[in-house]
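Let me begin by handing over the structure; questions about it come next.
Per-chain residue numbering starts at 1, and chain names A, B, C, D, E and F are given in the order in which the chains are listed.
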């Protein structure tokens, strides 16, 4: 179960720690894939990473279909 | 269908058409929903005494007036204002200054979050 | 689910690509999918990718006020709406994705 | 002087305001003033402020390729040009201001 | 006499020191007026500062006409 | 009229339509001018092996090929590449890696500077 699903668009522009709940999840999209975060609960949009030639561990990459499935299951979506 | 608890966050791009469009959208959403508009980060500049028309942007007053006639709540993050050392002007709707902690709670309790 | 994407971003931006790809995936999963174009997003309603999404089943709405102001004439398959119309779409939506 | 402003920026942006205000001041000083619209800047050629600049004496050029791609039809007072045309304008210009 | 005239658009986004020549001049325009630099040879676009309600010393403000006059006199203009 | 020494700098917004438009402009300017294209800051990503079409952007190859047939010079800032730890791909035109110092000189000696 995902609480809030955060779509992060810009490199290293994360919501402040106080805003993230334990069950929240972060998806890096667009240029945000350039800088991988130090926190745990993140994945990256596969197309946005591959298009930019950024190497990201396979288990951290998500197709758009996976993302839509997460959006469906999440409590709400917040684009940051 | 039921009203939703909506939080609309203005956090970026002060002094631009974005602020204008965001507030126009806020007026629309205030009809039919329980709306809170939160100004945080660079977004707090939107509430200062700036002059949109001088840089070719439509003024925000009409939207703020319209919001003043609705049940919408306007909140500005205390820390964001303090860090920037800015002064807010008087608006046709009350602006509630709230600490970051309360802002986070509002976001957590919303059903829909819209960010600008 | 009923997914609503609101696009207010600049034309030819990353957000446009994100909106199109998410809408495609959503349609493929048989979700009800709507895109609402407003602000600078209104220019993107002219792009062929949007017509394709419409043909695949997406509902396309736009803010008539923004279109008139920006002198953009969307094709007839796009539905003229307003900020009040957007408010009603938000009521019906299970998830809202705001891109600007 | 002969001033050339190239505008490739998003519509309704700060750059548009800067371009218009600089062009106005340049015309008021009796400088030869041209604005070239390209890329996402092409949308701004539809704005009334640009027509006013033309009427005050500015020369208005646009990249025909970008206009066609973005389905924008500038009015006839704006001169259809190309990247090669831009190159010639740069040759003639004393100062070039690139906004994007 | 001005060598290069730099038009700075974003707050604190200056060209690196190596790029600035002694006779260069910096004009803060758009959102760049929000944060005043620590270096010496700068001015700000009056309209952009006043519109944003930013207080800048009177002798550091320039009208668009002044800016056009500087552009005319400069060696070249670089928008940053 | 005479050719001009033009420096076109690509320093921002990698992976966007800006890179495409900048290079299309560069091809035009290379006809009739002495053109140097400098990639610096985030702009150096433009020269890596990225896939514009995957994110809805036209590929840069045609412009790079066209530039390869002109007298234009392409320069990438050494420090910007090193700091980002990136690898450039092969392009249809030689990319000269130059230290910041030389980049500054090129800018200083130009008659016209265009930044993207």
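The working rule: contacts are C-beta pairs under 8 Å (C-beta built on N, C-alpha and C of every residue); 3 or more make two chains touch, one makes a residue touch a chain.
All figures in this text were calculated on a predicted structure; none of them were measured in a lab.
Enquirer: Using the contact definition given at the top, which chains are in touch with both subunit A and subunit B?
Expert: Under the touch definition, subunit A and subunit B have C as mutual neighbours.
Enquirer: What chains do subunit C and subunit D have as common neighbours?
Expert: B, F
Enquirer: Can you name the chain that lies farthest from subunit F, using the mean of each chain's Cα atoms as its centre?
Expert: B
Enquirer: Considering only mean CA positions as chain centres, point out the chain farthest from subunit D.
Expert: A
Enquirer: Counting only Cα atoms for the centres, state how far subunit D is from subunit F in Å.
Expert: 23
Enquirer: Indicate the whole-number Å distance between the mean C-alpha point of subunit A and the mean C-alpha point of subunit F.
Expert: Result: the chain centres lie 31 Å from each other.
Enquirer: For subunit F, which residues are shared contacts with two or more other chains?
Expert: 15, 17, 55, 112, 115, in rising order.
Enquirer: In subunit A, what residues contact two or more other chains?
Expert: If we look for residues of subunit A contacting two or more partner chains, we find 31, 47, 76-77, 79.
Enquirer: Hey, what residues on subunit D touch two or more of the other chains?
Expert: Subunit D, residues with two or more chain partners: 12, 14, 39-40, 96, 98.
Enquirer: Okay, what are all the chain pairs that touch?
Expert: Per the contact definition above, the touching pairs are A-B, A-C, A-F, B-C, B-D, B-E, C-D, C-F, D-E, D-F, E-F.
Enquirer: Under the touch definition given earlier, write down the residues of subunit F that touch subunit E in their complex.
Expert: My answer: residues 100-101, 104, 107-108, 110-113, 115.
Enquirer: Which of the residues in subunit D come into contact with subunit C in the complex?
Expert: 10-12, 39-40, 43, 46, 70-71
Enquirer: Touching subunit C in the complex: which residues of subunit F?
Expert: Contact set of subunit F toward subunit C: 15-17, 55-56.
Enquirer: Could you pull out which subunit E residues touch subunit D in their complex?
Expert: Residue positions touching the partner: 7, 9, 29-31, 47, 63-65, 67-69, 71-72, 74, 76-77, 79.
Enquirer: Tell me, which parts of subunit E touch subunit F in their complex?
Expert: So the residues of subunit E touching subunit F come out as 4, 16, 18-19, 21, 76-80.
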